[in-house]
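The data blocks that follow each hold one structure.
Common to both upcoming complexes is subunit A, partnered first by subunit B, then by subunit C.
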Partner chain A sequence: MSTPVLAEKKSPEAEPTPALWRRVLQRPETSIIILLLLLGLVLAQSSEAFLTPSNLFNILRNNADIAIAALGVTLVIIAGGIDLSVGSTMAFSGLVAAMAVSLGGTTAYQLPSFGLPPAVAFALGVLAGALVGAINGFLVVKLRIVPFIATLGMLGVVRGIVVGLTSGQTVRNFPIEFTNLGQGFIGPVPVPVVFMVTLAVIVGLFLAFHVWGTYIYAIGGNETSALLTGLPVSRIKWLTYVLCGALAGVGGVLVVARLGVSAPTQALGYELYVIASAVIGGVSLAGGRGTVLGAVLGAVLIGVLNNALVLLRVESYWQQAFTGGIILLSALIDRLRQRRS
Partner chain B sequence: MLLEMRGIRKRFGGTQALDGVDFNVDRGEVVGLIGENGAGKSTLIKILAGVHQRDAGEILWDGQPVIIRTPADAQRLGVAVIYQELNLTPNQTVAENVFLHHPQLRPGVLGALGFVDRARRERETRALLEQLGIHNLDPNRKVGELSVAYQQLTEIAKALALDAKLIVMDEPTSALPDEEVQHLFEIVHRLRARGLGVVFVSHRLNEVRAICDRVVVLRDGRNAGALPIHEATDERMIALMVGRPIENLYPKRPAQPGDVVLEVQGLRRRGVLHDISFHVRAGEVVGLAGLVGSGRTEVARAIFGADRLDGGVIRLHGKPVTIRSPQDALRLGIGYVPEDRKVQGLVLGMTVKHNTALAVLRQLALGGHVVRWSAVDALAMRFAQELHLRPPRVDLPVNALSGGNQQKVVLAKWLAAQLKVLILDEPTRGIDVGAKAEIHALIDELAHRGMAILMISSELPEVLAMSDRILVMCEGRLAGELSRAEATQERVLALASGKTLEPVVNR
Partner chain C sequence: MTNKRLSRREFLRAAGLTAGAVALASCAAPPPAAPQQPQQPQPQQPTEAPQAGTKPLTFVWSPKAVNNPVFDVARRGAMDKAKELGITVEWVGPETADAQKQAELLDAAIARKVDGMGISCNDPDALKPVIDRAMDSGIPVITWDSDSPNSKRITFYSLDNEAAARKGAEIMVDLLKDSANKTYAILTGVPGAQNLEARIKAFREVADPAGLQWVATDPCYDDIQKGVEVVENRLTANPDLAGYFMAGAWPLFGDINAMPKFQEAAKRGMKTVAWDILESELRLLKQGLVHALIGQKFYGWGYDAVGILYDIVVNKKEYPPFVDTGFDLVTTPEQADVFLKKWETGNWRD
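Right, the complex of A and B next:
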């Protein structure tokens, strides 16, 4: 279009796109898969129980709730935020669903139980999670409280509500249709795993193909620029917190269904595992970078690792220390990866 | 010779950043170091500062070969580098910063235990500032409260406290308001008179001419040439930097102004903007000049809905409009290219195509929701070709591009949005001469296509050459308007500094 003013300058040598295998190798997801394979190899050697379909499906079942919550946290982190309240949100959603669905009458507690259909209870639980997310979003977007502090506060508030509502007691006695959500199978596949895969695909497609998905990456990559480009920054950030709450809600309900009980200490400290899943999977805490696949793989890795500790007869008291160590290791790998590129 | 660098080579990964560069500075000499981005200036300086290690070549200091492994080594020799991003601790005082590296200890046991003699530190700081001819800077002020100009002076005092013999200034004027530049020059003269060597890295050729004794030009990691200052015309310096003569840095065709597109009336923002009124016609480039901090950017941000207004009316094609957010502005066809493209204009980690399409993603999506990536690709490719993006690849992250090409991506984003009004804030700051000419050609082309353009710039030659009319701001007010024919550097500067008649000294 413009009349060229200058003789064409020799273009800076267009670096060729690196070969496909090289690009695949540089993905954070690849390192997790390699790590998983190595871990599997070692475990298969040392324990016959590991490489059985039922054990593998069990690992996935037991970590599906963390993976699902990690999907939500991934959205928040990519948009440049953080949600520390996911563990509490899971417990709250689980409690709401439990009270809604419980047939009551087993113990002498005074908690109301409504005996609602499982589908309704499930929806109420998810809605409760979305509500917590909406409050998080309000605190961050409208009141402009730093996400770390806002959600740290909500971690305490929501957990406190759960403990306060139950006076420390548990809710039990669910219809089998409800516990099946956590304990049942569809074909050979545990129901929570079906949930996990379905939701992962949906969130993955959302990030890749929905306009808002690109907005989320743009906001996390450079919020000022996104604002000056006319993107609806506040609304999108709010949306990520609401979705994160709702997904934590799904996870929370599945925990209750799987264990057949809602306890006030349920999902206590899960924020560590959930955020770790995302970070291990290459979701950058600086925002703007990360994938759904990575977050799910991160959750699976944590699950396999915990399973390994059990199979190798490491006392369960040590598990948290190992998870923490894995976070540090993955952060280190991420740093090395970035320095190379 | 104070410093001689010979045959310096440095390689980063696949790029040979320096390929046998020679560079000398003598005592009492101010040497200009110029070149396009990526020519190797920063690398050379960082090798001198001990940040990078040279791969080959030698460094002589006072004729003796030296090895500079760390910044501390460089400091010990007497090399002080004042980077663009100043290296100060904002929450500490001027005195604390000046003597950060060797605190003035108390005498006796307390001193041995590391206790500082604050009174002495303050006295010595004051003395150093006096030597620089600065009498109005309180050593007890916190550095973070000072203007950039005074922060820079603090850095220079710090260099003197370290007994520096060579001071390297990396783009020291880029963040300074015009009236402070003159002050900085006086200080550089004092440093030279004291026998220090000074290296002055700058993009602004007129400043290089004003302050340096000699100019060294780098290009593609090699010495492109050196000029004694009396031979250093803009044309010769540019030719050495770019490797070929630039025929026309400011390709501007006469405007054919159409209807008034944007009109603002009585724009007010408490303490920032006072009663700003002007208009921009279709096909017209209106320059907005003024000192840094005079409110130019604030006018732009207010029109774009990025800042709140306390009063005033904005009209588009004669109709009053309400703009509460950048979203509103965009919907009405107003775009804003912010002054700092890395911080405000681009999502650096995203690809060229993402950035190009970001403002129009909804329009490219099925039903406004599902992004059609093929359409995004096509759009980005089209603009990459039109704007001569180099390399012409839309799948690269924008942080892999040069400054000029990054700016093209910002412009592409707004071109894609098919705007009526485009506000450009420092459109060519920090951009290579070659790419600068291209950006200018693009601005001219946009105006020719009927866009109304408001261009903020601190570079007077650019404002004068590219604008059809020039608005000059001073302290939040419009100080005056000059037509293209009547505008001169002197007149613009006079208006900008609040004077009306007497001409200002031309720098």
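Right, the complex of A and C next:
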């Protein structure tokens, strides 16, 4: 996947143009690329199914929602915050879009459905996500609640609303124009992957070239300095939460379109995958550092891992330990890389 | 100092706001679309109304999680029975399948001195102390769907998981009898869950000696999305799989187009035996993409089991430690239609 998303900001001092290998080592994505290559090599040796285009696109399609949500979380984390409510937001956006677009069902347990055009339903889903993000931003920026607690609270509130509205039931029966958003292809490329790449490019360009992108790094790097310099800290922080909610919303709606069902369990616990994607992609939880490419590669690594566990016949009882181990390995390579550079 | 006080006030304001939102969420109305069930003559269940003048009984009915559609059917069954008996049934369960949270909720019910409890246990051991506390304080407890066998609960109302899985395996053996390829995979939810492990063990005890060749058991952690991913990955690793046993319905909840490889495999002859009789599964069976479904008595978990507890509390009737609900087997489009009708009307009592 080629992406012009670079945007890692470096401290201005030093650097009399270091050697190429050193520059490569300095990139935060290096560790994850090494790991992906190693894993790919092992998988290609052990299963001829791995390197087929259909399998690779399958992996990307299955994890596009996590990658898209990780883009938003990356913005929040770079600005020095955290959003634990992304999983719940994905479910809420998915439910809003599902109820908006559903043609009604055939069971006695059907939730309200409005049969709106897919584009409208999609927009409503994303708006619902942005609304959750706006509330998160309000709690953090205006009420000054620590982001961890504010978004942890919202994780519960939003999930509670989803479960409360549905009573545990699912929403289904969507028009094909809607399910195509998740199941369709443009040429050989699944539509969710097209969404993922497009959004990654946009967010990457925003971070790299828009002045607000620079502000986001500055605020995450040192909020007090940013404030003293006169940057619109509150507005920018709020913006990152709104964008994070909206991007989680896109991910949530795409999953509903792909699965053809909105369930109250959707994306339950996915905040961990989303945040892990960003962090193993080199986004620093301390703020001020990270790239969009890293976050997307993080999500891809999680997808490849899930694929690998099956292709390498890892016993199901051991799979979680295996996943956790690979994430630790990625962190370790990152640590070594930083020491070397 | 002033600053400190101000921020505390701000914090309280936020806390109030969050609490208000939580309260709002928990008060959200149940889905309005459920039509009234046609009144049916009720099959051999106790229906004596409570004697006039006495306080109406209150039972607490606790599912593993309230975010699951099959438990919503159980809730409706419990409420229907409560209305018939003139008692109150409170539906109290954790939002997600969480044993600790369920135990906490039930402890609160014990403190309120309710008249009886029916529990689908998230974990047999984690719920044992709560069940024993309830029984010791004079609150009769039965379990349904998922048991806590070592607790003091009076009876357990469920299908026999092993018997149902053995039947499923016999069907799979029969479906693959003319196939040269005998490989099959198993999909499970959370590894270690007692009921799922019982199903898998019993299935393999019949299938493997009969010549079927087990390839793998993959977990999807009760997640639809993960279920879809796991099945597609499995069919990438084993594209010529001949059979699939799904110990739960997870990936079949959604649109089958989310699983192109599964669809492809089913069309070239892969046979699937799956647990549960959800609407989406019944439609897949009618399309020939799934071949046998094992149905649990969702509605009975509420309707029949409330009747049993009422019998125990009011009529002092004795029950054996296990009451078998039996199970429904769906293998033909005609049988699928019967259950689709039940989903359509919400009438599960026939």
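Keep in mind that, in the parts below, the second predicted complex is superposed on the first by the 297 of 341 C-alpha atoms of A that agree within 3 Å, B and C clash if a C-alpha of one lies under 4 Å from a C-alpha of the other, contacts with A are read in each partner's own complex, and residues count from 1 in each chain.
Quick note on the criterion: contacts are C-beta pairs under 8 Å (C-beta built on N, C-alpha and C of every residue); 3 or more make two chains touch, one makes a residue touch a chain.
Here the structure is a predicted model, which means the values were calculated and not measured.
Asker: Of the two partner chains, subunit B (first) and subunit C (second), which one does A:153 touch, if any: first, second, both, or neither?
Answerer: After superposition on chain A, A:153 lies in contact with subunit C alone.
Asker: Considering only the touch criterion stated at the top, classify A:232 as touching first (subunit B), second (subunit C), both, or neither.
Answerer: first
Asker: With both complexes overlaid on chain A, does A:289 touch subunit B (first), subunit C (second), both or neither?
Answerer: The answer is first: A:289 touches subunit B but not subunit C.
Asker: Counting residues of subunit A touched by each partner, does subunit B or subunit C come out ahead?
Answerer: Looking at subunit B versus subunit C, the one contacting more residues of subunit A is C.
Asker: When the two structures are overlaid on chain A, which partner does A:30 contact: first (subunit B), second (subunit C), both, or neither?
Answerer: A:30 contacts neither subunit B nor subunit C.
Asker: Quick check on my understanding: which residues of subunit A belong to both its subunit B contact set and its subunit C contact set?
Answerer: Common interface on subunit A, subunit B vs subunit C: nothing in common.
Asker: Hey, which residues of subunit A end up touching subunit C in the complex?
Answerer: 47, 49, 54-55, 58, 62, 105-112, 139, 143-145, 150, 153, 156-157, 159-161, 163-170, 172, 174, 179, 182-183, 255, 258-261, 263-268, 306-307, 309-311, 313, 316-317, 319
Asker: For a test of understanding, state which residues of subunit B touch subunit A in their complex under the given definition.
Answerer: Interface residues on subunit B, with respect to subunit A: 14, 38, 242, 244, 246-248, 251, 304, 306, 325-327, 329-331, 336, 338, 343-350, 354, 358-359, 361-362, 365, 368-371, 373, 386, 388, 390-393, 395, 400, 402, 413, 434, 437-438, 440-442, 444-445.
Asker: What residues on subunit A touch subunit B, complex-wise?
Answerer: 1-7, 9, 11-15, 17, 209-211, 213-215, 217-218, 221-222, 224-232, 288-289
Asker: Which of the residues in subunit C end up touching subunit A in this complex?
Answerer: Its residues touching subunit A are 7, 10-11, 13-14, 17-18, 21-22, 24-28, 30-35, 37, 65-69, 71-73, 75, 95-96, 188, 191-192, 216-219, 222-225, 228-230, 232-234, 236-237, 239, 253-258, 261, 279-280, 340, 343-346.
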